[in-house]
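These are the structures in question, set out in turn.
In the two assemblies presented below, subunit A is common to both, partnered first by subunit B and then by subunit C.
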Partner chain A sequence: MSTFRIHIDRTLCSGFGSCAELAPQALEVGADGIAGVLVGETDDPAVLDAASSCPMAAITVEAVEEAA
Partner chain B sequence: MRDPTFWILARAAGLTAYVLLTLSILAGLIVRSKPFGKAVRQPTVIDLHRFLALLGLGAISLHGLALVLDSTVKISPAALVVPGLAPYRPLWTALGVLAAELIVLVYVSFALRRRIGARNWRRLHWITYGIFTAATIHGLAAGTDSSRAWAIWLYVGAVGAVGAGTAWRALTSGPAPRPASHSTTRPAIETNQLGGNR
Partner chain C sequence: MSSRRVLIVGAGLAGSRCAETLRAGGFDGEVVLAGAEPVPPYERPALSKEHLAGEKDATAVELRPRSFWRQNGIELLLDRRVTAIDLGAHTAQTDVCEELGWDALVLATGARPQMLPGWNGPGVHMLRTLADSARLRAELGPGVRLSIVGAGFVGTEVASTALSLGASVTVVDMTNTPLERVLGTEVGAVLASRYLENGVDLRLGVGVDRLERGSGGRPRALALADGSEIAADVVVVAVGVRPEVDGLAAFGPTGIATDACGRTGIPGVYAAGDVARSWHPLLGRALRVEHWTSAAGQGGSVAHAILGDERPFEALPYFWSDQFGLRLQYVGHTESWTAVELDGEPGSFVARYHDGHGQPLAALAVNRPAELGRLRTALADALPERAALAA
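Moving on, here comes the complex of A and B:
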């Protein structure tokens, strides 16, 4: 099973909020209107949808392979 | 007697494309302005925005194909992509060709937004207002049905809705949010990236 590492380019984020609705356990829109990461890594594949739906392409998800 | 099927199809497809384009723009304005708050899910509206644009492109393709197949006005396949080649009201049909090509550009730019840069993608998206203006003028000036009351109301409704949505956006959005600090950003991950261009 893969673990996903999330990175948000906060300089790109425009606060559309789509990511936080798709992966609320991993991402949120802060009081400043910018998305932030709640957990650095997660095994929830919803973060992939969150990244692909971001209009500003501000979210990058890296698959971290776990050692057997 | 001339078969009017393709002529009618061309007119219907053109008007359908205009309606779909208008609805796509309105969905895009909802994504930006969030007038319904949490009652409407952002991912759903983003998908709807893109799907309506894709349907609109399909209707535009049908509009062009039907015009080529119809014999009322001689329009070559080349005239569908080269503005000004169509002999019928060349200036107004050229506007339609240009608008259609720009819609393709804006639609494709979403998938390429990582490559061209999100800021360029956003700048490109502003062209949509020009596209809508060009499509409206094209429909009014080149459309066979433009003098009919229902068609006039359709254009008035579309322009009014996009105008109202834009005014709402201008009044409520303000400047784009900016993070207070960049200190939380980490270097962009270069390898094994997921989540883009899927």
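Moving on, here comes the complex of A and C:
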């Protein structure tokens, strides 16, 4: 199973919010309207959809190899 | 059928997002991204804001580092304009006498700003390209008298930035409130107060008769239809854009019609971004929008369609504007509404646009970023009901 590490470039975020809808357990839009990461790593592949849905391409998701 | 060579005409956001998405989706043919401007793809929203203010230079607004394009096998053909397309022969001619072939063609040529007839000349600007923004920036500073024709988003954002640079700013428009066509008079009145408090000279509900020129052909004053004159050193014409279909003789002036995946009626030919008039499945109509989010999403949808993976673009239209210390975020789409409900105070409020049945059509959040998600969800939930009422 893959684990995903999420990074958001908060300077790019325009507050569209689709990421938080697609992966609410991993991403949220804060009171400032800018997306933030709730968990640094997750095994939920929904974060891939969240990243590709971002109009600003502000979210990158990196697959982290699990130690055996 | 797999396409071996994808030619993307237009290296703005829609075109570059299409190219990137093709590669991300495993496309291993040729990807050629041809752009009319001499610079790699960049973020246009900054042209009226951070770039014009001098906070982000030309490199800082590029969408990707320069190495990105080469590393991803995306061939950038910059500084050429496509002058003709032969849909039968699958070729495109450019203004540097090239002939480019294609198996799939993506038209992402964007839009072109409109100049007032006879107004072209020194000191009179439009704002669409990085070069436009740099030229305007060079003329703005303390004491400069700037007149802006057009109280739309470009005009009002330029007004905000120019004030921050020390210019004195006049905005002229035929409409009675700023941003009236999109946001209506109720919201427009709130924004007009904000602009006035910030020192903008607003001349609304009045047309511009002519531009008076002084020495060197530079602007001297704007003569308005009510007989008044506004002294001006620099003029910005921001009266809207039209789809850029020059060289695309097969397509009409109102934009290139596509389905929700960006397919035109011609096999292998796609369109995305400002130039496209695309079917929107949730709204149940075709529309041409000039928003970042739509350009990005449509560019992605076209790439997926070329890859044989249908992913219609069906996100609700969304745009934002930063001006006079306000962040405006608008979701949905409506050109006519029955009622607007405002909730909040002038510096922080929500406006909800309704139809005659009380159904929501669109919403605006002003300095209320945390409410955007809820507003968008409420709109998306209401759409099936609206579609049923319309049927």
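Assume the second predicted complex is superposed on the first by the 68 of 68 C-alpha atoms of A that agree within 3 Å, B and C clash if a C-alpha of one lies under 4 Å from a C-alpha of the other, contacts with A are read in each partner's own complex, and residues count from 1 in each chain.
Operating definition for what follows: contacts are C-beta pairs under 8 Å (C-beta built on N, C-alpha and C of every residue); 3 or more make two chains touch, one makes a residue touch a chain.
Treat the numbers as computed from the prediction; the structure is a model and nothing was measured.
Student: In the overlay, answer first, second, both or neither for which of subunit B and subunit C A:5 touches.
Tutor: Only subunit B is touched by A:5; subunit C is not.
Student: Could you look at A:23 and tell me whether it touches subunit B, subunit C, both or neither (first, second, both, neither)?
Tutor: After superposing on A, A:23 lies clear of both subunit B and subunit C.
Student: With both complexes overlaid on chain A, does A:33 touch subunit B (first), subunit C (second), both or neither?
Tutor: both
Student: Tell me which touches more residues of subunit A here: subunit C or subunit B.
Tutor: Partner touching more subunit A residues in the overlay: B.
Student: Between subunit B and subunit C, whom does A:60 touch in the aligned arrangement: first, second, both, or neither?
Tutor: Once the two structures are laid over each other on A, A:60 reaches subunit B alone.
Student: Is there a shared patch on subunit A that both subunit B and subunit C touch, and which residues make it up?
Tutor: 14-18, 21, 32-34, 52-53, 55-57
Student: Under the touch definition given earlier, write down the residues of subunit B that touch subunit A in their complex.
Tutor: Contact set of subunit B toward subunit A: 31-32, 34, 41-43, 46-47, 110, 113-114, 118-119, 121-122, 176-180, 182, 184-186, 188-189, 191-196, 198.
Student: Write out the stretch or stretches of subunit C touching subunit A in their complex.
Tutor: 17, 24, 63, 292-293, 296-297, 300, 315, 318, 320, 327, 329, 369-370, 372-373, 376-377
Student: For a test of understanding, state which residues of subunit A touch subunit B in their complex under the given definition.
Tutor: Answer in residue numbers: 4-5, 7-18, 21-22, 32-34, 36, 47-53, 55-63.
Student: What residues of subunit A sit close enough to touch subunit C in their complex?
Tutor: Those residues of subunit A that touch subunit C are 14-18, 20-21, 29-34, 52-53, 55-57.
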